Amino acid sequence: MSAKPKIRELLDESACEHNKSKKVACNAPTPGATTGGCAFEGAQISLFPYADAAHLVHGPMTCLGSSWETRATATSWQGRDFTQMGFTTDVSLNDVVFSGEKKLTDSIDYIMEHYAPEAIFVYSTCVTALIGDDLDLICKQAAEKYDVPMIPVHAPGFVGSKNLGSRLGGEAALRHLIGSKEPETTTPFDINLIGEYNVTGDMWQYSHLLDELGIRILSTLSGDGRVADIRTAHRAKLNVIVCAKSLISLTRKMQEQYDIPSISLSFYGKRDTSNGLLAIAEALGDAELIERTKKLIAREEAKLEEKLAPYKKVFAGKKAVLNTGGNKSWSIASALQDLGIEVVATAVKKATEADRVKAREYLGEEGVLMMNPGAEQAKLIDEKGAHLLLAGGRSLYTAIKKRIAFADVNQEKKKSYGGYNGLLNLAEDLKNALENPVFKLVSRRAPWEK
Amino acid sequence: MGEVINKSGKPLQVNPFKLSQPMGATLAFLGIDKCMPLMHGGQGCTSFTKVFYTRHFCEPIAIQTSAVTDAIAVLDGGDYSIVESVKNITKKVTPSLIGLHTTGLPETKGDDIRGVAGKVEFPLVYVNSPDYEGGLESGWALTCKALIEQLVEPSEQIDVKKIVILPHVSLQPIEVEKIKQTCEAFGFTTYALPDLSTSLDGHLGDKQAALSSGGISVEEIKHLGDATLVLSVGDSMQKCAAALLGKNSSMRHQHFSHLSGLEASDSLIELLMQESGIELPQTNIVRWRKRLQDAMLDSHFSLGQTRFLVVGEPDQLAGICQSLYEAGGRVAAAISSVDSLQLEKIRAAKVLVGDLEDAEKLADDYDLMIGNFHCEALAHRLGKGLVTRGFPNWEQVGNALKNDVLYEGGAYFLFECANAAEEWRTHKAS
Amino acid sequence: MGEVINKSGKPLQVNPFKLSQPMGATLAFLGIDKCMPLMHGGQGCTSFTKVFYTRHFCEPIAIQTSAVTDAIAVLDGGDYSIVESVKNITKKVTPSLIGLHTTGLPETKGDDIRGVAGKVEFPLVYVNSPDYEGGLESGWALTCKALIEQLVEPSEQIDVKKIVILPHVSLQPIEVEKIKQTCEAFGFTTYALPDLSTSLDGHLGDKQAALSSGGISVEEIKHLGDATLVLSVGDSMQKCAAALLGKNSSMRHQHFSHLSGLEASDSLIELLMQESGIELPQTNIVRWRKRLQDAMLDSHFSLGQTRFLVVGEPDQLAGICQSLYEAGGRVAAAISSVDSLQLEKIRAAKVLVGDLEDAEKLADDYDLMIGNFHCEALAHRLGKGLVTRGFPNWEQVGNALKNDVLYEGGAYFLFECANAAEEWRTHKAS
Amino acid sequence: MSAKPKIRELLDESACEHNKSKKVACNAPTPGATTGGCAFEGAQISLFPYADAAHLVHGPMTCLGSSWETRATATSWQGRDFTQMGFTTDVSLNDVVFSGEKKLTDSIDYIMEHYAPEAIFVYSTCVTALIGDDLDLICKQAAEKYDVPMIPVHAPGFVGSKNLGSRLGGEAALRHLIGSKEPETTTPFDINLIGEYNVTGDMWQYSHLLDELGIRILSTLSGDGRVADIRTAHRAKLNVIVCAKSLISLTRKMQEQYDIPSISLSFYGKRDTSNGLLAIAEALGDAELIERTKKLIAREEAKLEEKLAPYKKVFAGKKAVLNTGGNKSWSIASALQDLGIEVVATAVKKATEADRVKAREYLGEEGVLMMNPGAEQAKLIDEKGAHLLLAGGRSLYTAIKKRIAFADVNQEKKKSYGGYNGLLNLAEDLKNALENPVFKLVSRRAPWEK
């Protein structure tokens, strides 16, 4: 069992800012008062976008049955897209009693025979972890048999939250893939994108700009990723963490092992995208590159502003209340401001201290940081005369009672809001929300309620 | 009826449409008014389930998790997390009932949830629903049975105007409503257990509730024991019926494998006529029968030249395949998520337990698929037509209001299939 | 409301969806029980019309032609062919009524059909409906007016429990049924004139009749003059209402431009509550309102980003566009077959009188079309989504049972549009 | 008005067998007791399949509004397919009062400007014929202006039946198109296909066989037709009339004017298709061609029989009653027999004397020729123990009362039943009908009717 990461160690991950202030919440969910996914889900999120690898879930039906085909992680992989497929051993009572190891081995054989993926990620789950199936051994044997990476992912749901699972996913990649192969060539501007999953093609909103600047994405964890590429990640000059605190432990270890520095940034909104591009250039430390980057940013911002102009007319004077969690509390706020929408309040109940600082920075002294948004938001809409509420589905009721426009920040997205062009998609969606009469009409009283 | 293959021939599931037993249990509890389903297991099972149903129904879904963790998984017998869960839930809301159901994790540990339930001083029904056994259908049925066993009060009285419907899991809310309304049209006060027709039917409530909003009340469940007639729909519900009959030896029971198509609908109406003494049903029922007959004729030419693949839960398959059969639709294969006695009765050239990889292997045999959201990508890739049915349907809205049962639903179902078949023939068939 | 262009700017129609006035007249007569519509003109008009409706409704259509020929066209004033037609029709069957309606041919000749009608000794209603004027909607309305003027007996009595619905031509049979049922839910005996809901609703009759099977009876029409309330639906029906009110000065009238969407449905219910004194409608109505509200919210995100082109009859456009508008659907353009006062009220960025060539020219402006069968090829060629509505729909079955009105129909309509939009976005949008 | 054909003369067409026995029925429809389309419809049917020509209907809305996009006449024309388009002047009261000529001229201009077809067929209709709009003059002027054929088609509905209209359509082609252009080359085996409209691609079921035999389809009236081709039709060696008595007058006139012999045949069913191919070869009179044809027939029949074998098993011992009109009374019967189905009765109420003779020939002495099928068919189903009723939609009731399979012979077809391969489509549809349980199930009694 030596290959399994030490959970406690990961929970105490020093680079995790979140932990500093709220250590307890991080590792002990409250029975009967917990929302959010488990470690298994987190591990899947961080590794699933490798479309050239099969992802085999060793567990009963809930784990995969309810979760496959849920994430629109786009890929340019030309082979069969395994991110749109589900593989599971679907363990039965028999397996629980007599071990599921045979079934797992057979399943790996089946997948290799029928689909010949570039690798197989084998995920343990609560039940198979508890019955002690030896994934490490099975994967090792299979890897030898097929000469293809077989990566055991030890993130059964019960070890903790989604965040922890993502870390464990990163850990598995580090242990079994990163450094196992040399790149054919290297460039001075090779980077890894860490924590960018290319959901709805977010990555493609800016990857062509990196390309134009001469910055090469050596590998990703794991948006539009390839197994062969992540194996060479140890040769990158820089790790770029995209909106994913959970992977800080990975980058810290890569710094320790391979001396790769890392930066953390966001590509959400105009300012953050520009800042992010510049930060990469600066971290790579090439003066000419920095100059090129500044020019590109100026060009892209000008192009964007031109396209945004008609939207900004619609948004002029419009005020929004934002009720979401984590880094969205400031990153969406920033994007809204880029669109010319005034953000009069944002929820920081579930945000870290650092997020709150950032939120304050973006909203200014006038802005309200809501600590109890459920109770506060309705009042603030009235007080501030807000036109738009951005929140999770449950808050829709508040919006229609106040007869103002609503945008579901958790809505299943089909198009990207990332990078410069994504901002146009956000603008379009918000314009549609503001112009939609449904919020005023739907709550009109029934004739029998008058 | 054709060949039946009761077991998948491979070690794994590839592109599964099977769903787990605890998810069926959750859904059953959501058909109880002001219930809080409490899933006993790791937090992920609950989170997945919540998102799954939220997207299918476009409704907020009430559910909580006992959030079993690493430490507890090894040390605890379930006591701590369940007792603590109930405490934390009732801090914020006051459910009429807590619906405790297990996943594989505590079952593997061997938690004694019956024992724990006994210690909880709050209305609670428990059910063992490990996800390494059964599936959606059995999880729902086990829960229904648990509700009956643990809540329904024994009785010796009979209310001759009272009917209890025990619907299988794949009946959508509107379908349960239509079955209830049909019974009510013959003068019966009708209850469904569970009853999604008033909870997850897609209605805008007065406020956003943290508990299930609508469904049969706990009080009503307690008094189901004096119904004159118990109607179970779907073979998975037979044991529930038996449990309910155990509460009162004077109750009578009638079973329907499904309520799809002309024959099954006739059977129900015939029964209700006998029971009520009403010799001519309401105009609306009479009219819809004529419309179903006409729909069968209008669609028969199209369906008669269309080969279907149907995937879903056993009871669901039985109904869909019968509807298609009556109008000439040719079900080349029905793929079931799990084994069931029902499989023998399904009107299909071939019935197998399997997954969507099996559906893909059979690609040459069919033109049109009927199945859940996961069939979408497959149908598109293979150039097949698709009629979406079953859990989940994340791509479309209005799922709860899709009615396929009895005369009315049967007519609309045939129209939809025939229209999809013609659309396919016009634009996709090579 | 946007720009309105009341006239087509070209000499011809290219790919027309407009339908002729006599065809509207035929359809109105088909809403009368045991009626034989008699189209006065060349045999082709009747043949086309018969095939047209047979294919739309998948039902045999009763209709006869006066078969005006070359010789008669020049020599006769209509007497011979009409009198002879009645003689030949009644040789084989005994209609309750013969519905005489003209085409352009006898009108051009100047036949005096009123005069001829006077000579016919058989129950007959006549209407001038040349096809070089108006369109489907006006043909239907003129016929309804003629039925009222020539059949309804003047009255001074009022039956306080009686309502008459005057539905516009584009309301499908099930929609008329739903409107009637809604009135009946408030205790009113309700008649529709014409009433397709019991004739062309797609039911299997006891035998194959040569006359229209179902619809309002001639006897019932005669006694419509004592209703307490006349409800006209669709602006084309205003003159019919006036004609009916002319039969009894005590009758009252309420007009609805359409009965689509939440606002219009609320208005009808409010009226019925006032009229009946019932303060809380039946559970079903209350429930469906909540479902429509939920449907509006569930579909608003999809509809709000979708641009629609709607083509059809003016009254139909008014309803469809209002339904879409309420849930945020963006009607880029509504194309009407003919001019109408209704056009000013249509919720669309642009309203024009035109054809499908105009729809093609506007191709950049919309994602999804709503219109009749003829839109199919266009939508496919242009890569647009399509929701089929209006006459004819030859590609699909079940048209008569497609309900878009009031709370229930509104919910299903929004679901269908949102699902079509998402399907389009997933598979067709570039 | 000299260009207009003389209606009376066409009605009395000597080559029309139909007329011989039932002269009155042919030219005087009975008011109140007439079914079937008008002359305008017939003209459209015979000319509409020219997909490279626009078809402009000069009349009010009923004429075109209810009739376009009703016929699945397939074309291989690569340009915009005008058979799937509708053009009409949609005349208004104003036009009726003040003449529609200006509107017509403008419409032609509009079409030429926007669609540039190879020709325009301009159809007169009842109203515009009655008001006396001068189509001939307008077409002549337009033809000169655009140097493109403009063909006035004088078949207003009131002149008579669909059949007559088809003759008038043929007449218009003869007068305005045929003989107006020379073919680039000729061959000894050039034929015209007359009355084949290629509905659902019927023509393509056998045209490749003609091609293989070296028989060239010089032109068609009008299946998959081209305006340029029909103009050269006068150089054909043979006119082949396919199941279309209405065009016998055209071929007779072509014989008179251009000395082209004609034969009449059907491509429905195996025997008729074989007979048809051989008849063409024999009419062309080349011994080698005849030999080739016989070989081809043998080959095709063998191929077909092999494919039919599984169907014939299903059809063995099956009996059918056929209730339809005209030449279908024997041509469908023949096809059914080719499938191994026994035809126990066929309706001849609406058939000509010649059709009746043919029907008797195919059915033999045992077969019943029904003169009053409506009353007879139910009884015959019982007496003969028939398994299948082929009839129009109205007879469906008879079938479901007798609980036997039903096939609608008027059903909108989407696939071809023509030629050898079409027989397979028919076989498939009849197999589906015979196996469909709906006919037995649908009429089961309602619980309240028991």
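For reference, chains read A, B, C and D in written order, and residue numbers begin at 1 within each chain.
Just so it is clear, contacts are C-beta pairs under 8 Å (C-beta built on N, C-alpha and C of every residue); 3 or more make two chains touch, one makes a residue touch a chain.
These figures come from a predicted structure and were not determined experimentally.
Chains touching both chain B and chain D: C. The chain pair A-C and the chain pair A-B differ in C-beta contact count, and the higher one is A-B. Farthest from chain B in terms of Cα centroid separation is D. Mean C-alpha position of chain A lies 53 Å from that of chain C.
Look at where the CA atoms of chain B average out and do the same for chain C: the two points lie 39 Å apart. Rounded to a whole number, the gap between the C-alpha centres of chain A and chain D is 64 angstrom. Between the Cα centres of chain A and chain B there is a gap of 34 Å.
Multi-chain contact residues of chain B (touching two or more other chains): 204, 293, 297, 426. Residue numbers of chain A whose C-beta contacts span two or more other chains: 396, 442. Chain-to-chain contact here is organised irregularly, matching neither a line nor a ring nor a star, and falling short of all pairs touching. Only residues 7, 27-41, 56, 59-70, 84-93, 95-96, 103, 106-107, 109-111, 114, 126-127, 130-131, 156-162, 393-394, 396-397, 412, 442 of chain A touch chain B when the two sit together in their complex.
Across the interface of their complex, chain C is touched by residues 58-59, 201-205, 287, 290-291, 293-295, 297-299, 302, 380, 395-398, 401, 411-412, 414-416, 418-419, 422-423, 426-427 of chain B.
Against chain D, in their complex, chain B makes its touches with residues 262-263, 266, 269-270, 273, 279-281, 286, 289, 293, 296-297, 300-301, 304-305, 325-328, 425-426. By the touch criterion given at the top, residues 396, 400, 408, 411, 414, 428-429, 432-433, 435-438, 441-444, 446-448 of chain A touch chain C in their complex. Residues 10-23, 38, 41-52, 54-55, 60, 64-70, 72-73, 80-82, 84-89, 91-92, 103-105, 108-109, 130-133, 135, 204, 207-208, 373-374, 377, 394 of chain B are the ones touching chain A in the complex.
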